[in-house]
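Below, subunit A partners subunit B and then partners subunit C, in two separate complexes.
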Partner chain A sequence: MGEIKRTGKKEKKQRSRQERRTRRAYKIIAPFFAYIALWGILPLFYGLYLGLTEYNGLSEKPVFIGLKNYMDFFTNAAYMQLLWRQIWMGAICLFMNTILSFLLGLALNVPAKTRGIFRSGIYVPCIAATSITSAIFVVLLEPNGVMNTVLKRIGLTPVTWQYSQFWMVFWIMIYFVWKNIGPAAIIWLGGLQSIDASLYEAARMDGADMFQRIRYITIPGLRFVASYIILTGIIGAMQMFDVVMFISKGNPYGKTDILMYRLYRDGIVNFNMGMAGAESTVIGMITIVFSIIYFRIVLKKED
Partner chain B sequence: MHRFSKKALRFVWFILMAAICILMIYPLIYSALGGFNSQSEFSSMGNLFPVPKKLIWNNYVFALSSTALRPLINTFFRTAWYTVVVLVMTVLIGYVMARYEFKGKQFFMVFIIVAQVIPSVLTLIPTFVMVSHIPLAGGNDLFGNGGKGLYDSQLMLFLPLSWGYLLWPFLFMQSMKSLSLSFEEAAELDGAGFLQTILKVILPMQKPILTVVAINVALNTWNDWMTPFLYINSTRKTTLPAYLATLTASLQNYGQKDYPKVFALATLAIIPPLIIFLFLQKYIVQGIASAGIKE
Partner chain C sequence: MKRKLLAICMATALSLISLTGCGGSNENVPDTTRQETETSDTKETVKEEVPSAGKIHLTVPKVGYNQEQINTANAKEGGPTYEDKYYMTVTENMAKNLPDYEMEYVDWGWGETLDQKQRALFASGSAPDIVAGETFIPSYAAEGLLEPLPQEIVDLVNPSFLVYDDDDNPVAVAYKTSIFMIFYNKALLEQCGYSEDDIPETWDEWKAMSDDITAQGKGEFWGGGIPTFPNAGGALRATPFFRTNGTDFAVDGKINLDDEKLQEVLSFIREMNYNFPAGLGNGSDEFPMWDAFHEGTLAFVVQGSFEGSDAENAGMDWGVAPIPMNDAGIDGNCTVGSVYLAVPKAAANKEASFNVIKETLSLENEKVWLEGSYCPAIKEIIEDSSYYENDKVLMMEMQVIKDGTYSGLATFPKNDSSIWEIINQNVLARTTMTEDPVDVICSEAMAQIVPLQ
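And now, the complex of A and B:
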C-alpha cells in the first residue's frame, strides 16, 4: 500500500517537472516564432491577397479585382519574355557557377602547402556586398576601361560592351561566378574531403580505373553536397536582380531586363503593388516547383 | 619520367591557381588604387593598375568625414545589433529544441526547415506595403493610413527578423546533439537554473559554433545593402553598402561621374569584412561548410 503511494508521488513529481519544462519551452520559443511569423508568414499571405488587387500602396485600401493581374501577366508577351529571360539567364549563371566551382573544388583537393592561400584568394570576392563590387565591374567595362585595354594589348579591336545583349549577359554571368564561386567551391571541397579515403583504396585493389572510381565513389558521395548547391542556387538565381540592376540596368534596349528587376520597378519604384504582388507570387511558385522537381529527380536516383 | 611529369603537373597547378587568385582579387586592388586618384587623373580609366602620380588622400578623407561618416556608423551599429540578437536567439531556440520534449516541437522543427527553402521574393512587396502602413507610426492614423509608417525610419535597420536567420538555431541544435547530457545533469544536481546552466555550462562548451554564427551573421548584416536600400531614403539614416548601391546605380546615368570617390567609399566598405575574413576565416569556412554538409 505504502509502496504504491510512494511511486505515485514520484510519478506526479516527474510529471510536474515535465510540465514545467514544457511551459518553459513555450515561453522561450513562442515569442521568437511569433515575431518571425510577423515578418514572414503574415506578409506571405498578404502578398497572395495583394496579387488579386489593384493598389497604389498609398490610398486607403487595395481594390479587389480577382485574377485580372494574372490574366494580364500571362497574356502579355512582354511579361512572359521577362519570365523566360529570368529562367535562362539564371540557368546560365547557375550552370557555369556549379561546374566551375566543382572544378575549383577538385583543384583545391590537392595536398599542397599553398592550398590555404589559394582557398582564401578565391573566397575574397564574396565577402563584399554586390552593391560595392558591381561598381568596380561597371568601371572596368567602360568603353575606354580596363577590359578594352586588355583587348587592345592582345591585338583585338575594342568592344562597346553596353551595346550588345550577348556581351552584357556574358559579363553578368562573369560577375555572378566571380562573386559566388568561392563558397560553392569550399562546399564542394568539404564534400570531397568527407568521402572515406579507404573506399578509393579498396576500389584500386579491385582494379577500378580512375573513371570508375569517380563514377562509383566520388559522384554518389557528393550527392548531398550537390543537391544543396543546386537547390540554394535555383532559389538564388530565380531571385537575382541586383547584378542586372547594377551592371546592365536591363540594357541595351531592355534586352537583359529580367522579371525580378521588373518586379522591383513595378512595386518599389512605381507603386503598382497589385501587379508586383502577382509577379512575386508567380516567381515564388515557379521557384518552389523547380525545387520540388529537382528534389524528385534526386530522390528517384537514390532508389 | 613519371616523377618528372608529376612535378611538371604540380607546377602547372600552382601557376593556374595563382592566376585564378590574382584575377579574383584584381577588381579590389583596382578599386583601392582608384580611390587614390584625382578625378581628372582617373579620366583615362584604362590603366590596368591606376597608380596615381601623387597619392591623393582626399577621397578617403571625404569617405571618413562628411556625408559617408553617418552611414558608416549606422552600419557598425546595425551589425552589432543583429549579431547579438541572432546569437541570443540561436542559443535559446537551439538549446530548447535540442533538449526539451514538448507538444508541437515537431511543428516548430518543420517551420525551421521549410523556412530555409521559401523564396524571400514572396514577402518582398507585401512587407514593403505593410511597413509603410503600420498604425500610429510616421504620421499614420489608427488604421495605418495617411503617413509613411516606418518607411524611411531608422528603426528599419534594426526591427526586421527574417526566417532565414533560423538556419543558425538549426546548426546550434545539430551541435548540441553531440554534447553529452551529463554536464547539464550535473549542473542541475548542483541546483543551477535554466539560465545558469546555459551561461555556465553550454556557452563555454559551444564556443566554436557560436563563433561561427557570430561571424557569419556579422558579415551578412554588414553586406545586406538591400533592406536599407529599399526602406530608407535619406543618406543620413542608411548604411554604407546601401549608400553605395545608390551611387552604383547612378553610374549608369549620363554626365560627369566622380569615380575615385566611389572607389574610396567602396574600398572603405570592404575593409571591415576583409579584416574579419583575414583573421577569422577558419570560422567563416566552417559556417558555409556546415550549412552545406550537415543537412
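And now, the complex of A and C:
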C-alpha cells in the first residue's frame, strides 16, 4: 500500500514537473506567437474584411458592401485576364527555373577546382537588390541600349523590345531565372550530395549508364528536395510582381500586367482597398489550391 | 527561476525589436529640438520629439527644407537649384516671420509616395497640419477632407491657382504652376534649313516640319512629337492638344473616349509618334527623351515652362512657342508642376497652418520661382510684367494665366487613378505602339472604364 502511495506521489511529482516544463515552454514561445499574430494573422483577417468593403483610405471607415468586390472581380474580363497571365507567366518561370537550376546543380556536383567560384557566382544575383539589377536590365533594353547596339554591330535590325509582349515576357523570364536560379541550384546540390555514393558505385558495377543513374538514383533521391523547390516555386510564382513592376511596368499597353502587380496598384496606388483585399484573397486561395494539388500528387506517388 | 528570467528577457527584447521595427526612416527627421529622455519603467534610453516650450509644432510637407535637405542642396554641383532656393528661402523666412512656430519640414516624396503617406495619416486619424500634392488634391477636396481657405489667402492669388470642394469653397492653393509649350532646338532646325520664322502654329505645319526633319535625320536625329509615357504623365502632356481641339478625356466627370474630336487628336498623336525613334516617346521612362533633346537629336519636345531653365543648364540653343493648334482650334492648356497646399479639417492647428501657407505666398518667397520660369500664384507678380519682361517663356506663360485658358488635369469622382491608368496604358500607349484602329482602342477602353465610374 505504502509502495503504491509512493509511486503515485512520484508520478504526480513527475506530472507536475512535466506540466511546469510545458508551461515554461509555452511562455518562451508565446512572444513569437504574439509576433506572428500581430504581423501575420491580424493583417490576414483585416485583408479578408477589406475585401468585403469599399474603402479609399480617405473616408473615415470602410463601407461594408458584401461580395460586390468578388462579383466585380469574377465578372470583369480584365481581372480574369490578369489572373490567367499571372498563372501562365508564373508557370513558365517556375518550369524554367526548376529545370535549369537542376541542371546547374548537377554541373556543380562534378568535382572541379573552380567549383567554389561558380557556386558563389550563381548565388550573387540573389543577393543583389532587385531594384538595382532590374534597372540595369531596363537600360540594356532601351531603344538605344546595349542590346540594340550589339544587334546593330552584328548587322541585325534593332528590336523595340517595349512594343512586344513576346519579348517583354521573354526578358521578364530571363531576369526571373537569372535572379532565382542560384538558391534553387544550391538546394539541388545539397540534395545531390546527400545521396549515398555507394548507390552510384553499385549501379555502375551493374552496367548502368549516366542517364540511367540519374533516372533511377538521382531523381528518386531528390524527391523531397524537388517537393520543396516546386512548392516554394509555386508560391513564389503566384507572388511574382516586383520583376514585372521594375522591368516592364505591365507594358506594352498592359500586355505583361499580372494580377499581383494590379493588386499592388489597386491597393497602394489607386487606393481601391476593397478590391485589393478581394484580389489578395482570391490569389491566396488559388495558391493554396495549387499547393494542395501538388501535395496530393506527391503523396499519391509515395503511396 | 533562471528560465523564467530568460523568458521575460526574451519577451522584452522581442517587444522592443518589433516596436523599433515600426519606426520611420530618417527622411522624416524634423528640425525640432531633440531631447534624450529616460523612461522610468524600462530604464531604456530613448529619443523623443519634445516641442520647445510655448511653441506651436507643425508638421508640413513641401513647404521648407530640414537641415539634411539644406545640406544636400548646398552640396550639389553648381549649388542649389531654383527649387532648392525657394524652399531654403521659405525656411529662413518662416524662422524670421513666424518665430512662435516650430516647423517640422518633412520629406514625404512626391506623387504616389506623398499621396500614400498622407492617406495613411488620414486613415490612422493623425492628419498632418498641411497636406501637399498635385493631381490627387482634388480627390481630397471631393471627399470633404479640407478646410476652406481664409479669404485673405484667396484674395492674394490668381483664382486659377485654387482647388474647390463640392460646395464650391476654395480649399487648396498652389504656390506655383506651369503650362505646356513646345520647345525646339534652334541649331537642329537651322541644320535642317529652318529659321525661327518657320516655327509651326498649326498641327499641319508642325507635322510637315517634324516629318521633314525626321526624314533628313536618316536615323541620326528626329523631329519629335507628343510624348505619351504610360507611366510618366502621358495623359498630362497630351491634354493641351485635346483641349485646343475643344475636347477632353472627361466631360462632367464622365469618360469621353467616344468623342470624334478626341479620336481625331489620338490619330494626330499617332502620326506624330513616327517622329520619335521607336520607344522613345512612349517608354516606361521619360528621361531618355529629355536627354535626346538636350543632346541635339530631337528637334521638338512638349514640356512645362521649366524646360527653359533645364535647356539653359544643358547649354543648348533653344526656343519656345505655344502649343500648335488644329485649324479650327481654340485656346486651351493644362497645368503641370503645380504644388497645392491645404489644411485638413482634422488638423490640430488650423489657424497656424493657414499662416504658414500665407507665408509661402509672400512676395519674397514667390519671386524665387521666376528664376525657374515657373509661374508664381500671387496676383502682385502675375499682374506686373516688370518682374518677368525679360523672360520669353514667362511672358508667354503669364499671358495664358491672365487669359485663364487653362486648368488642371480632368478628374473622375470615383476611381480616378484607376481610370487614368487605363487611359495612359490602354489608350495613349496602345495608340502609339500599335496600328489598332483608334475607335476600337477607345471603345475597348470605355468598356473597362464605365464600370469604374
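Here, the second predicted complex is superposed on the first by the 282 of 303 C-alpha atoms of A that agree within 3 Å, B and C clash if a C-alpha of one lies under 4 Å from a C-alpha of the other, contacts with A are read in each partner's own complex, and residues count from 1 in each chain.
Keep in mind that, in the parts below, contacts are C-beta pairs under 8 Å (C-beta built on N, C-alpha and C of every residue); 3 or more make two chains touch, one makes a residue touch a chain.
Owing to the predicted nature of the structure, the values given are computational and were not obtained by experimental measurement.
Q: Which term applies to subunit B and subunit C once both are placed on subunit A by superposition, clash or fit?
A: clash
Q: With the two structures laid over each other on chain A, which partner does A:253 touch: subunit B (first), subunit C (second), both, or neither?
A: second
Q: According to the stated criteria, A:76 is in contact with first (subunit B), second (subunit C), both, or neither; which is it?
A: After superposition on chain A, A:76 lies in contact with subunit C alone.
Q: Is A:163 in contact with subunit B, with subunit C, with both, or with neither (first, second, both, neither)?
A: second
Q: Name the chain, either subunit B or subunit C, that contacts more residues of subunit A.
A: Between subunit B and subunit C, B touches the greater number of residues in subunit A.
Q: I'd like to know which partner A:35 touches here: subunit B for first, subunit C for second, both or neither.
A: Both partners, subunit B and subunit C.
Q: By the touch definition at the top of the document, which applies to A:231: first (subunit B), second (subunit C), both, or neither?
A: Once the two structures are laid over each other on A, A:231 reaches subunit B alone.
Q: Using the touch definition from the top, say if A:270 reaches subunit B (first), subunit C (second), both or neither.
A: So A:270 only meets subunit C here.
Q: In the overlay, answer first, second, both or neither for which of subunit B and subunit C A:221 touches.
A: Neither: A:221 stays clear of subunit B and subunit C.
Q: In the superposed arrangement, which partner chain does A:138 touch: subunit B (first), subunit C (second), both, or neither?
A: In the superposed model, A:138 contacts both subunit B and subunit C.
Q: Hey, which part of subunit B ends up inside subunit C in the overlay, 19-27, 55-63, 109-117 or 145-153?
A: With chain A aligned, subunit B clashes with subunit C through residues 145-153.
Q: Which subunit A residues come up in both lists, the one for subunit B and the one for subunit C?
A: 24, 28, 32, 35, 39, 57, 138, 142, 144, 249, 251, 268
Q: Contact residues on subunit B for subunit A in the complex?
A: 10, 13-14, 16-18, 20-22, 24-25, 27-28, 30-31, 34, 44-48, 89, 92-93, 96-97, 100-103, 105, 108, 111, 115, 117-130, 132, 145, 160-163, 165-166, 194, 219, 222-226, 229-230, 241-242, 244-245, 247-249, 251-252, 259, 262-263, 266, 269-270, 273-274, 276-278, 281, 284-285, 288-289, 291-293, 295
Q: Spell out the residues on subunit A that touch subunit B in their complex, using ranges where they run on.
A: Residues 18, 21-22, 24-26, 28-29, 32-33, 35-36, 39-40, 42-44, 46-47, 50, 55, 57, 60, 104, 107, 110, 112, 114, 117-125, 127-140, 142, 144-146, 148-150, 178, 182-183, 186-187, 190-191, 194, 224-225, 228-229, 231, 235, 238-239, 242, 245-246, 249, 251, 260, 263, 267-268, 273, 276-277, 280-281, 283-284, 287-288, 291.
Q: Under the touch definition given earlier, write down the residues of subunit A that touch subunit C in their complex.
A: So the residues of subunit A in touch with subunit C come to 24, 27-28, 30-32, 35, 38-39, 56-59, 72, 76, 78, 138, 142-144, 160-163, 248-254, 257, 265-266, 268-272.
Q: In the complex formed with subunit A, which residues of subunit C make contact?
A: Against subunit A, subunit C makes touches at 3-4, 6-7, 10-11, 14-15, 18, 112, 115-116, 119-120, 122-123, 139-140, 143, 145, 230-231, 277-280, 282-285, 288, 415, 417-418, 421, 425-426, 429-430, 433-434, 448, 451.
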